[in-house]
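Presented below are the structures under discussion, each in the form of structure tokens.
One chain, chain A, appears in both complexes that follow, with chain B as partner in the first and chain C in the second.
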Partner chain A sequence: MSRFGTLPRRLVHLVVILFGITLVTFFLLRLIPGDPALAILGSSYTHQRATAIDISLGLNKPIWTQYALFMGRLFRGNLGYSFFYNAPATTVIVQHVPPTLFLVVYSAVLAGLIALPIGFISGLRRGGVVDQASRVFFTVSFAMPAFWLGIILLLIFSVHIPVFPISGFGSGFAGHLYYLFLPALTIALGFATVLVRSLRAATIATLQAEFIDTARMKGISRARVLRRHVFRNAVLAVVAVYGVNLAYLISGTVLVENVFSLPGLGSLLVNSVSDRDYPVVQGVALLFAVLIVAINLLTDVTQASLDPRVGQEIGE
Partner chain B sequence: MLRAHRLRTLSLGLMAIALVSAGCSSAGSSGGSGPAAGSSTLVIANAVRVDTLDPEANSVNESIWLDQNLYSRLLQPNATGTGLLPDLATSWNISADGLTYTFHLRDARFSNGSPVTASDVVFSIDRSRKFAGGWGFLLTPVKTITARGARTVVITLSQKHAPLLADLAMYAYSIVPAKLVQSQGKAFFAHPVGSGPFYVTSYNPDSEVDLARNPHFYGTKPKISKIRVVIVPNDNTRVLMLESKKADVIENPPGNLTSQIDGTPGLHVDLFPSTRVDFIQLDEHYAPLAKLAVREALNYAIDRSAIVKLAYQGDAIAGASFMPYKMQYFDSSIAPYPYDPAKARQLLAQAGYPHGFKTFLITVSGDIAGQAEAVVVKSELAQVGITVSIQSYELLTAYAKEDGGHSEMGERYWTNDIIDPDEVATFGADCQGGANAFNSYWCSTQANNLVSQARLELNSARRQALYDQIQQIVYAQSPFIVTDYSPYRYGVGSWVKGFHVTPLGNYDLSLETLTVGQH
Partner chain C sequence: MSQTTWATNPSAMLLTVAERAARRTRRSGRRRLVLLAGLAMLAVAIVATIGAPLLISQSPTALDVLRPLAPPVASGHLLGTDQYGRDILARILYGGRIDLAIAFGATSVTLVFGTVVGLVAGYFGGWVDNLIMRIVDLFFAFPFLVLIIAIIAMLGPSIFNMFVAIWITSWVSYARIMRAQTVVAKKQQYVLAARALGYGRLRVMLRHILPNTASAVIIFSMVDAIGNIILAASLGFLGLGAQPPTPEWGTMISDGQSYILSSWWIATLPGLAIVFVGVAFSLIGDGLADVLRPGDR
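What follows is the complex of A and B.
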């Protein structure tokens, strides 16, 4: 019970955080020079046309009235109307969730598949071939910006050896797996670096712990000790890193979405800020906030279930 | 142990559910990007997402160019952007007093097979005219639009309006089926029905819009049966798509990759003269810029050929008149200001700034050509004693800072939406036209009067004389520095024959005859 005792309090935090996010995004957005009318009219901007647009979008009302209207609609699950798409902001955002969600989960799985064995072996055989090679490889891949690495992967695997598509999302589950492989790999290579390093360090630390010696002395086989005692303890450290980075990934997919022409949330957010599409920006910011808080919460819960001490420390 | 195992299974299960749900909810969202099937499909890669297919609300150029394939108008601009062709109207009469226009419609059908009637035309023009912040201001002199029978439309004016036909050829005045738009509202524009050469089969504004040949199109049947417009925002990715032949035509390949594309067998970069005018706006609220001699000095101090070379790889044309060089009534007798720093220094001294002055130049971050231009301007003005600090902002921030009357120098550009100079003259030369003469706040009563006069003048020789006069006044007064006319740039595979972009940016006419060969 006590292990998850912080849950209600965290949920209250969530509400406060979300309220803060609405305030900050709503007012900061309106502080940026250039408004939706300018975005729509560009070089053919005239004061008269801009006023007509402001009236039709409700932007001529006092700012606090606009905020009150926004909050009122929000409680009814309505984010307002996208200025750019001429469609409900909720619909627009929902349409952009699948590519990003698929990409983030796919990259996280790929990163795990790459990092867990390599990190664990690097820790077990410190200074060995795997350790040395992976250190060089991941340092380089981590240093490569996603937009550059993505283009290089495209150049190799889509142009010179045309096995993967250049752009698009594909259709159906298998289609997504195929189309999103290169973008997911681009993210996973960067993400895996962090996981490899932390798992390696944790493995080394665990190997030196006294309970490992105890286990070995009890006559438990090496393989069993490694699997049940070393790996399980070491991987605990990685869970926190995983969670923190996963949250970061959600908002950080924008560069990869741009290179691989994926119509995801990252691109939507950047484009909507550029076009001053207030309702969409507000909606996406809220969604990101919910996701990030939820992932952090899930990380803590996962850690608590893996390690009974964690929940108790936080909860009491 | 058991619990841990369960947890592991659970988390894998959660991931699987997340992946599957992501897969399900997106089914059909993007139809794949394989190579063009045979020679009947044209794949165009555009850089920016589609805002809407509703012609009254379009603001993104690429979306406008897409629209033109879907809808007909009463008239349409010709391929050189210097005249009008019939579209839905086969002929039109103008009354002797110039106040009544009668349009005779052809027997055309929408892509769903229903006939295009005079009442659809009336509905569409009225709808766009009333759209808040839209293009209704162009048609201010229009008093009534009425249908006479099924095939005749009559427009009456409160005063003569020379640009009327050009205005009606604009994308905003595309003809849509009245009944469907009334019954479906905005939802109509996700699967619109028009009478153009193509119709929409699939609409995903952020990734891909697919078109198919309209079997009911009144004109020549296009040789290609399908068009896929894919949205590829990254410049390098678009070039890779062309190189791997997954796109036939790509929009706006980056200038630094032009020679690479031209060097690839089977690919080339095509440049099309445009109505784009690049200029540096001078805000007269800043004291030095209010002086004519200073504005002249700036014009002499800037070497336009250096801008053309460094910012546009030699692919632009040095600017002279503020009007686009590929449009009706352009005055070709005006020559660009010559590069003459000595004369510039002399003019500055005359204006009371023998040691120059300090100013800033606003540029748009990420605009590579604009940044190169800014560097040229800064170094050349330094030679005549003017210290320029370059301030780069995100696009709309830059525009907002340039527009408010608190600016000094700022890079801007203009593109025309109609073939008639009335639009550019109103925004650029008439300080009462709503845009403060491109936000220079320069004001000339003579220019204002000439712009209004030209709008009322139906005789083209006399109109030419009026626009010549306007262009010469603006040239002499230099409320802004016209730097160059830059072209539209497209990367095109040599297997595509007949792709052509008009100065307004439209390529719909060429898609009616274009062919895509084996590749």
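What follows is the complex of A and C.
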């Protein structure tokens, strides 16, 4: 079986999931109790506008025709019209992508920097100082809501010791790095909990594996065994954790953007709920879902190329 | 695990067995203590929130207009007051009712439903399994919080709709865990024996597989309960859960954020309540893991 032997099956899976995502997004709008046109227009309701919406959404047609229309619009990149921003929803959403994207990548990197050494050392020296301390710290931080942790960090590092800005996105790459440090740290601390746990478990499991004994018996030095055999294998396990928990990162982003008032998709989503800007809510949900599916696929492929056994395991 | 190394090195086996036995008794004692500590903390939280009227005379919504933004201890308010002069301690105690209700009400429903769905998928296999697991995959494709917010956006923000949104989305984790457990259990001797005896599907699933596999979902439900409390608070914080003036930990933190520069206690103290309950569930989960599955770890 080739290294990417299961890829075709994965791609079929992918198409099914993407189809399902559009179905869910489509039916989200049907959850609105009462008349969608009235809900969308709110106070700017006029009979003509309502009729216009009914026609553009196809509300006067049978439900499957409506879905076909929805899909047709989707393929042309049209997510509907945002009556709140008076612009196509796609345009509004695209404008809010950069801060979120930057924040997600930034916090994923920070989480890795925090979790890799701690998780690895905790696994090597079970019950040691680092293991015990990190267990206590991460048990507590796991129970902290991201938005609250963000406020605490703000209080400490922006108010009492004014090192970092309270809000804003900054300009330029360095500016972004500086302005987004606290938001990214907030998400990273939460995410690091999951990473540390799995890295620790993976390290312990790897240390007990036979090939480690073999390597030691061959006379390879402990440091080299740790670096070349244990660390490499433990990190492999963590790549999977990244993929699985991406949704966690994004949830963190939604909350933290609201704490630090960043102009990203998370703030947009929450504001759109109170503005009853349904097309934008739909679009953001759709975008995030597609993003997650894409990155999960990427994780699988990365894993398969790092570890030849993985592809076969998935295919059973 | 290390059974394989025993074959190559018998003396290592003796050492490990003795060492393990000693370590296990030592650790299980400590673990049971962890479980008890967690249960005690949770009991304190439940008693304090339900018995709030007995513990504190202040009402969570009464305004002490003469003393807004009063710092803790001073002015007859143990934890201070918020911008309207409402007592923070009273609001934390009464507000905890919503967060704990979500922890129990949302988690128990999704635990039972997800477990049954996973059991059915894993036991029957075939197209039933395929259909159910594709639906599960679909829910996992959406970021949990985003999907919940989207559902609430459509239904309208309220505490009840918060429950509904969690019920709709959150059973999938249990289904996935339970399915994996069931698929493994189905091939085990005790299940084969039960089926050979001619027991019906329902009996095999509920009387044989479920008791032997339920520990995984039960332990996960403790993590999920923490997640649900944080979710309830998060939605409250974003203005999509409990609506003012109803006290709730997340909405309190959101209220206090505007006053963070001058009055730190409004936003920080409710967060400590969340951490307290969260750590309680964490300890219970850890303790349960050791009591229910002593072989692990």
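We adopt the following convention: the second predicted complex is superposed on the first by the 268 of 316 C-alpha atoms of A that agree within 3 Å, B and C clash if a C-alpha of one lies under 4 Å from a C-alpha of the other, contacts with A are read in each partner's own complex, and residues count from 1 in each chain.
Here is the rule we use: a contact is a pair of C-beta atoms (placed from the backbone, for glycine too) under 8 Å apart; a residue touches a chain by one contact, two chains touch by 3 or more.
If you're wondering where the values come from, they're calculated on a predicted model, not measured in any experiment.
Chemist: Once chain A of both complexes is superposed, is A:176 in touch with chain B (first), chain C (second), both, or neither?
Modeler: Touch status of A:176: first partner only.
Chemist: Based on the superposed arrangement, let me know which partner A:258 touches: chain B (first), chain C (second), both, or neither?
Modeler: both
Chemist: First (chain B), second (chain C), both or neither: which does A:284 touch?
Modeler: second
Chemist: Could you say whether A:305 touches chain B, chain C, both of them, or neither, answering first, second, both or neither?
Modeler: Touch status of A:305: first partner only.
Chemist: In the overlaid three-chain picture, which partner chain does A:143 touch, first (chain B) or second (chain C), both, or neither?
Modeler: The answer is second: A:143 touches chain C but not chain B.
Chemist: In this superposition, which partner touches a larger number of chain A residues, chain B or chain C?
Modeler: After superposing on chain A, more of chain A is contacted by B.
Chemist: Touch test for A:42: chain B only (first), chain C only (second), both, or neither?
Modeler: Only chain B; A:42 stays clear of chain C.
Chemist: In the superposed arrangement, does A:203 touch chain B (first), chain C (second), both or neither?
Modeler: The answer is neither, since A:203 touches no partner chain.
Chemist: Tell me which partner A:154 touches in the superposition: chain B (first), chain C (second), both or neither.
Modeler: A:154: touches chain B and chain C.
Chemist: In the overlay, answer first, second, both or neither for which of chain B and chain C A:274 touches.
Modeler: both
Chemist: Need the overlap of the two footprints on chain A, from chain B and from chain C, as residue ranges.
Modeler: 32-33, 147, 151, 154-155, 159, 258-259, 274, 276
Chemist: Help me check something: in the complex, which residues belonging to chain A touch chain B?
Modeler: 32-35, 37-50, 52-53, 55-56, 84-87, 94-99, 101-102, 105-106, 108-109, 147, 151, 154-155, 158-159, 162, 165-173, 175-176, 179, 228, 232, 258-263, 267-268, 271, 274-276, 302, 305-306
Chemist: Which of the residues in chain B come into contact with chain A in the complex?
Modeler: Listed in rising order, the residues of chain B that touch chain A are 1, 3-4, 7, 11, 15, 18-20, 22-34, 49, 51-52, 54, 57, 59, 132-134, 137, 186, 189, 204-208, 230-234, 236-237, 240-241, 243-244, 246, 393-397, 399-401, 403, 412-415, 417, 423, 427, 433-435.
Chemist: Can you list the chain A residues touching chain C in their complex?
Modeler: Chain A residues touching chain C: 13, 16-17, 20-21, 24, 28-29, 31-33, 139-140, 142-148, 151-152, 154-155, 159, 208, 210, 213, 246-248, 250-251, 254-255, 258-259, 269-270, 272-274, 276, 278, 281-282, 284-285, 288-289, 292-293.
Chemist: Show which residues of chain C lie in contact with chain A when the two form their complex.
Modeler: It comes out as residues 1-2, 4-5, 8, 134-135, 137-138, 140-147, 149-157, 226, 230, 233-234, 237-240, 250, 253, 257, 260-261, 264, 267-268, 271, 274-275, 277-279, 281-283.
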